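Letters A, B and C mark the chains in the order given here, with residues in each chain numbered from 1 onward.
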Amino acid sequence: MEEILRVEKVVKKFGEFVALNNISLSIYDQKGVTAIIGPNGAGKTTLINVITGRLRPDAGKIFFEGRDITSLPPHKIVQLGIVRTFQVINLFSELTVYQNLNVANLSKPRTLRKDLHEVMELFGLDKYRDIEVAKLPHGIQRIVQIAVAFTLSPKLLLLDEPLAGLNIDEKTRIVNVVKDLAKNIPVVLIEHDLHVVFDISNRIVVMHRGEVIAEGTPDEVYRNPVVKEIYIGL
Amino acid sequence: MDVLSVIFSQLLIGLYRGSIYWLIAAGLTLIFGVLRVVNFAQATLLVLGGYTAYAIYQATSNWVLALVMTPLLVGAIGLAIEVTLLKPIYKIDNTYQLLMTFAVVLILNDVTKVIWGKAPVSIPLPDMLKGSVKLSGFNISLYILIVILIGFLIFISVIYIINRTMWGLRVRAIWRKREIAEALGIKTTTLYSAVFFLGSLFSGLGGALMAMFSPMVPGLGDYLIVYAFIVTVIAGLGNLLGAYISSIIIGVLESVFTYYLPEIDLLLIYLIMAVVLLIKPQGIFGER
Amino acid sequence: MNWRVKQPETVLLFSVYILTALLPLTSDPYYIYLGALFMIISLFSISYNILFGNAGLLSFGHALFFAGGAYTYALFTINVLKDPLLGLFVSILISLLLSLVIGVLTLRHTKIYFSMLTLAFGMLFYALLIKWRDITGGSDGLSGLSRSGILINLSNPVARYYFIFLVFLVTSLFLYYIHRSQLGLLIKSLGVNEDYLPYTGHSVFKIRMLANVIAGTVAGTAGSLYAILNGAVTPDLAYWTTNAEPLVAALIGGPKYFVGPLLGSLIYVAITAYAAKIADLWQFVLGTILVALILGSRGGLIELVRRIWKRS
């Protein structure tokens, strides 16, 4: 099975605090969801930030489709095919849903752009088309984030806690969206809701204190004593 | 005059100018570090200080009084500005606070013009400071030496206060992290005002000192702020140590260029800034 | 804030065009001068607002482009070829180059550094204008600029007015088109959430550069029109506090709207015209207006009107 993303011995420090401690992991080029779980402060978001170019690692390398992307700026990484969503909703709040999608669409060459009407229909956003994103309910904003990511035709999708702050119905909706997306591309999901994680993931990576302490199928991880210890000890 | 003494006197003038720039850059850096505001009026406050010192001297013929009172008065004016114009808008986008300091520049420029007119004013150099000190065969004007010393003392004091006192601890805790300040339970309102007062005080001091050597004209601050910005950008925004060192370097370089290459002296300073930014965008010493 | 104010803006814009086209019918030379000045300041302000209101960049170096355009026009018509039309073209070209150079030097930095750097470069330009007396006329500037040339003759104030009107019409329509276009949307996205933009695949630097080149070139165009109107150029055009004019105009009208700076320029020119006595205190006046706007109405007049409209 081919790797699509390889994180190689990455170190990231904030002053004295070591957020990523020589971490290495691989994401494979297969459809489906790879979940990254772990207690708060494990370094999950920092890892995403380093992969997507938001932060520069102090040591180590990141490879995407065999290419060293460690020092590339964020927009180039997006253009190569890695797209992320944010834990704290990050969009063009004063622009409409359509405009948000359009901005993303415009970063693609004309031939690779999507029909935004289709995209909006696909995600059930057509009735919100001309509404300022800031005025939309939280759950809809999360869908817009994912729709924007979809518009960018990602080869690898990184979702950072897409269910945060949502009620059951909203969560179900997002989970279904994620499941659909994962039918076509590899999706990395950072999530705290373990029911969802064990339900939809093919593979789970467990992080703790900036390292990977366990990985494997949901079953393997579930039965892993080290993992149990971390979660019970909290 | 032999070459060595020319170089030496240029060096001294450079250190003098650098010290003046430092008095501006100090306030700029402190205010930016704590309030996250780039105070475009920092040099205008210096000029206001110069005018204030002049006014006090005119009234009392006492230059010591002028030197002591001016920093306090300018500090008070700065405090008033912070309380009335900046405090109400801390919650909104940073851009507007910057714009507000710009408005202060515009207003103060014309206020000084109306009160003191367009003609340059200055304080005559006090007899006590007219003398010179002999150092390894060179004559150093007492006045210049004192300004350089005061600049250095201010530098030491600021570093000490920031790093060794409880107050300084609070300052360091919220340095460039205004959002965290309140969460930490630090009384930001008084802290901000105190820092703005201090920054303005430094500018006032610089103005009072400078008025004994150079004439004050309305709008002089518009020039001086450029140097303060060049210093800050080269040093790295928020870096106090870097600001002091860069001020001295720029002061000396400016002095040397003006003497040897007057046609392109300004261009050279800008060239240095451009090169520094190209190689190290966060400044030589790094942003803090 | 909604970016969808289309129809009322278009109506307003074309009303301005009609009114300015008809202004010379008043036959009052003072009004004709003011009208021309209004159009020039409008272009200056609208172009400034591309950076300020749209891209979220506070520039203190825009006056550099304005003065650059004005001086290029003057120097070209004095030293090379005496013709307003050619002078205008050359000035536009130089402004384009200038905005590219300044853009590369200033746009790779954070917004704060950008503001400081543009101020520094603006003052460098000012200092050069003062220093190089032999070429630029020093602090006196250059005057007695000829309005007649081989291709075109603008000695008649009305002819001059309509020349300026034509350039104003074409340029502002071009800017309006950009504003409503996809590029306009990208520039606006910079001002809305610059930190997020790269994650949609766009280079912040590239979009900033596009905005700066458009803005700088138009400011230079306005500058050369100014040289044509006044027949003279002075170095204070490049002084960094001159940037207060387009800034305040944009804030008065409303920086989120295309016609905001237009409206603001109208008010600004009106104030300066009817308060000529206070010309010497223009900094104080602008400063206090700025304070009032920042504390009271940051969305400008248009936002104020919209709020009242919505309530009724």
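The criterion applied here is as follows: a contact is a pair of C-beta atoms (placed from the backbone, for glycine too) under 8 Å apart; a residue touches a chain by one contact, two chains touch by 3 or more.
In this text, all values refer to a predicted model and were calculated from it rather than measured experimentally.
Participant: Quickly list, by label, the chains bordering both chain A and chain B.
Facilitator: Expected: C.
Participant: Comparing centres built from CA atoms, which chain ends up most distant from chain B?
Facilitator: Between chain B and every other chain, the largest centroid distance is to A.
Participant: For chain A and chain B, what's the span in angstrom between their mean Cα positions?
Facilitator: 47
Participant: Between chain A and chain C, what distance separates the C-alpha centroids? Give it in angstrom.
Facilitator: 43
Participant: Just how far, in Å, is the C-alpha centre of chain C from the one of chain B?
Facilitator: 32
Participant: At least two partner chains per residue is the criterion; list those residues in chain C.
Facilitator: Residues of chain C touching two or more partner chains: there are none.
Participant: Would you mind writing out the residues of chain C in touch with chain B in their complex?
Facilitator: 56, 58, 60, 105, 108-109, 111-113, 115-117, 119-121, 123-124, 127-128, 131, 239-241, 244, 247, 280-281, 283-284, 286-288, 290-291, 294-295, 298
Participant: Per the contact definition, I'd like the list of chain C residues that touch chain A in the complex.
Facilitator: Residue positions touching the partner: 1-4, 182, 185-186, 188-189, 192-193, 195-204.
Participant: For chain B, which residues are in contact with chain C within the complex?
Facilitator: 38, 40, 85, 88-89, 92, 94-96, 98-100, 102-107, 109-111, 113-114, 222-223, 225-226, 229-230, 232-233, 237, 263, 266-267, 270, 273-274, 277, 281
Participant: Name, in rising order, each residue of chain A that touches chain C in their complex.
Facilitator: Result: residues 52-53, 73-75, 78-79, 83-84, 86, 90-96, 99, 102-104, 106-108, 130, 132, 148, 152 of chain A touch chain C.
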